[in-house]
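Both of the next two complexes hold chain A, though its partner changes from chain B to chain C.
Right, the complex of A and B next:
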C-alpha cells in the first residue's frame, strides 16, 4: 500500500463509489493513456483485468438468463445491459489492441531489458517472444541463412546505428494536471519551468511528462 | 553498382505500403541482393587473405577503404532485405488480423496476379501465389499465434471492430447470400439484396468478410 491508497481511503469522494465503477474508471483512464503515450505503459498489476474479465462473464450469463423472458420490461433492461457490455468489451479490445500494436512495432526493444519486459503482461510477453522468433525464422529462411555468419545478427550496433528501433520518447503529448505543480519542460532551445494549477492542460514532450504521469500528478488526455 | 538491387527492393516495399493487396514476392531481386552480399564477403576474405590476420589499416589505406566500402554495402543490403521482408510481414499480419487465412490469401493472389500482369507489371518468378513459400509458412504460424493470444480473451473478440459501438442494433444490407444465421431472436436467412435490423455483435464477422454492408 502506498501513500495514494491511504489518501484515497480518507478521501470522502471515493467513498461510496463501488469497486466496479472505479474499475471502469481505471480502465477508461488506462485506455486513454495507452492510446496517447508513444511508448508502452505498465500493465496494471492490481488484478484489474481479472476483475474486468469476471465482470464481463457474469454480465454475459445474466443476458443469457434474461433472454428467455419475454416480458417487455426485462427486454428493455436487456438492451441497456447489452449496450453497456458492448461498450465495456470495446474498451478492453481497443486497449489490448493499442498495446499489441506498440509491442509489434518495437518487439526487440521491449524484449531487450528486464525493466521493459516488466511492462508486458505474461500473455503479451509470450506473444512478443513467439512473434519475434517467428520473424527471425522467416528472415533466416528467406535470406539471412545464406549470409556470412557475422552478418546474421539482428541487433548490431555497428556505426553507432542500433538495429533495434525504439519509440520516440520526445513526441508531444497532452496532459491534464491533477494537482498544482511547477512543470519542468525540456525544449529545443531552452528549458522552462511553468507553474500550473490542477486541471490545466499542457502540451509537452513525453520524456518530460512521464514522471508526472507516473507519480499521479497528471494524466494523459 | 553495389546496392542497386537493394534500393529496388526498398522501392517495392515503399509501394507495398500504399497498396490494398500484396504484390508478388520479388524472388529474383532478393536472390540478387543475397548474392551480392556473398560476393562482397568473398572479396573481403580474398583481400584479407594475404595478410594472414595481421592487417594494419594505417599501413595499407587503399585496402582498408575497399574493405570499409564492402562492409558498409553488405550492411546496407542487409537492411534493405530486412525492410522489404518486414513491410511484407506487417502487411500479412494486418490481413491475418482481418480474418484472412492462407487459403484465402493464395486464392486472392491468383486473381490479383492475372490482373496485374495485364497492367504490365512483372510478377516475380511467374508463380500463381504472390507469397513466397516462407511467407505462407509465416502466415500460418502467425495465425496460430494470434489464435493462441486471442484464446486468452475468450469473451472479447479481439479482432472485432475498433469503432466505438454506438448502437446495439444496426441496419444492414445483404450483398452476398450468406445462408442462415442464428441469433438469440431466432434464425435469419440472409438473402442477397434484403435488408435487416440486427444486433451488431451477431453480424460483425459477416460485415468484415464483405457479406453484409452496414447502413448508416
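Right, the complex of A and C next:
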C-alpha cells in the first residue's frame, strides 16, 4: 500500500461501490426474495451467476495453492478465506435449493406457458421437464394405464377445474421500500394507497408488491 | 435437494444476514489485507480503526486479534432514550429507523449515500448502520441480532454490559407487544397496505408466521365480500362510462 492507495481510501469524492460489494448485494437480495416470494422469480439475466461461479472456482484454486505453504501468518488468512468461501457458497446453494423447492411443488404450472418457462434457467428447465416426464411415466406404468385413455393426462381442465396447482399470488409478504413511493395495495374491505419513505417495511399482498419489486422500487424481506 | 424450510426467512438465516453488517474494530495485531470474494479487507495496523464484516470481526475477537467498537446506539444512554420513546412517547408505532446514511464531499455539501450515481441501491446489511460512525438514538434493521451476538462474543468490549442486557430485554418486550397489537388491531383489518416502519429483522422473523397467518385468515373470510365489492365497483365504473357517453351523445 502506498500513499496513493491511502489517499484513494479517504477521498470523499470517490462514491463508487466496488463490483464485489455489488455482486454480494445482488446475490443476497435475490436469495432473500426467492425465500420470501410465494412464486418462482425470474432467473437473473445479467450473468450474475456465471460471474459468481467463476469467482468461487478461482477462490477454491487459490486455497489449494495456499494449503501448500505452512507459514502461520498465511495460515490465518487461509482460515478467513475458507470461512468466507463457505458463506458465499451457502448463499448460492440456498438460493438454488429454494428455487428447486418451488419448481418441484408446481412443476406443471411453471412448464405450462412460454412466459413462465422463461423464468427458469436452462438447467432448471431441463431438470423440470425430465423430472416431470419420469414421474408421469412412473404413474402410467404403476396405475394410470388401467384408466381410460382420456383420464390419463395430468393437466386436465375439464369442468372448469384445472388439475395444475398454481401458487397463491395473494399471499401476504413483507417488503422494504428502496425509493420513496406511494404504495397501492388491494385489501378485503378497501384498496389503500399509502405514502411511504425509503427504508419503510410494509406488509401487503404479493400481487400488489410484485410490480414494485420487479422495478427495483422495493425488495422483499 | 429441495429446501425444506417454510416461505420467508427463518431466524438462523436472519442471523446469517446480520453477520454481513459492517462493524468497527480496533486491531491488536497487524494483519495484511486479505482478498475475499466480497472484496479485500482493509489492512489492519494497530491502533487504527477499521470496518470489517461482523463475522470476521467475531473471528478476530475470538482469537484475541482485535476488539470490537460497539455502535453508538448500543450505549446505555441511547438505549434508555429509545425505551422512553417506545413506552411513553409513541405507544402505537415503533421508534423511527435511523436516518439514511449521508456523507460529506469535502466541499461543504452533504449527499445521501443511497442511491449511488449509477443507480445501485444498497440496503441492510450492506449499509454502515452498525459501525462506530452510526448515529445514536435509533435502532437499525438488524439491531436485536447484532446486540445479542455482541453480548455473547464480545461482552467485555461493551461498556456496562449487564445494563445493556436488561435494557435490551425491556426494548424487546415493549416492541413485541406493539407487533401483536398492530396485527390484531381491528382497524388495520381489511386494508391493503400496513406499514411496519421501524421494525427489526428478528422481530419480523419471529412473528412472520403469526402475521401472515392473520392476514391470510382475514383474506379468506372476506374473500366473497371482496369479490362482491369489486364487481360493484366495476359496475359503477361502467355506469359512469355510460353516463359520460350519454352526455357525449347529448352534446
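As a convention for this text, the second predicted complex is superposed on the first by the 205 of 221 C-alpha atoms of A that agree within 3 Å, B and C clash if a C-alpha of one lies under 4 Å from a C-alpha of the other, contacts with A are read in each partner's own complex, and residues count from 1 in each chain.
Convention: contacts are C-beta pairs under 8 Å (C-beta built on N, C-alpha and C of every residue); 3 or more make two chains touch, one makes a residue touch a chain.
Model, not experiment: these values are computed from the prediction.
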item	value
Partner chain in contact with A:203 - chain B first, chain C second, else both or neither	second
First, second, both or neither for A:104, with chain B first and chain C second	both
Which of chain B and chain C A:151 touches, first, second, both or neither	first
If touched residues of chain A are counted for chain B and for chain C, the larger one	C
Which of chain B and chain C A:44 touches, first, second, both or neither	neither
Partner chain in contact with A:56 - chain B first, chain C second, else both or neither	both
Which superposed partner A:28 touches (first chain B, second chain C, both, neither)	second
Partner chain in contact with A:90 - chain B first, chain C second, else both or neither	both
Doubly contacted residues of chain A, that is, touched by chain B and again by chain C	56, 79, 83, 87, 90, 94, 97, 100, 104
Complex contact set, residues of chain C against chain A	1-5, 7-9, 13, 16-17, 19-20, 31-39, 41-43, 55-56, 59, 63, 97, 100, 103-106, 111, 114-118, 120-123, 125-126, 189-199, 201, 204, 208, 211-212, 215-216, 218-219, 221-223, 225-226, 229
Residue numbers on chain A that touch chain C, as the complex places them	1, 9, 12-13, 15-18, 20-22, 24-25, 28-29, 32, 35-38, 55-56, 59, 73, 76-77, 79-81, 83-85, 87-88, 90, 94, 97-98, 100-101, 104, 170-174, 176, 178-179, 183-194, 196-205, 208, 216, 219, 221
Chain B residues touching chain A - in the complex, by the definition given at the top	30, 33-34, 37-38, 41, 72, 74-75, 78-79, 81-82, 85-86, 89-90, 93, 132, 134-135, 137-138, 141-142, 145, 148-149, 152-153, 155-158, 160, 162, 164-165, 167-168, 184, 199-201
Complex interface listing, chain A residues touching chain B	53, 56-57, 60, 67, 79, 82-83, 86-87, 89-90, 92-94, 96-97, 100, 104, 123, 126-127, 130-131, 134-135, 137-139, 141-144, 146-148, 151, 154, 156, 158-159, 163
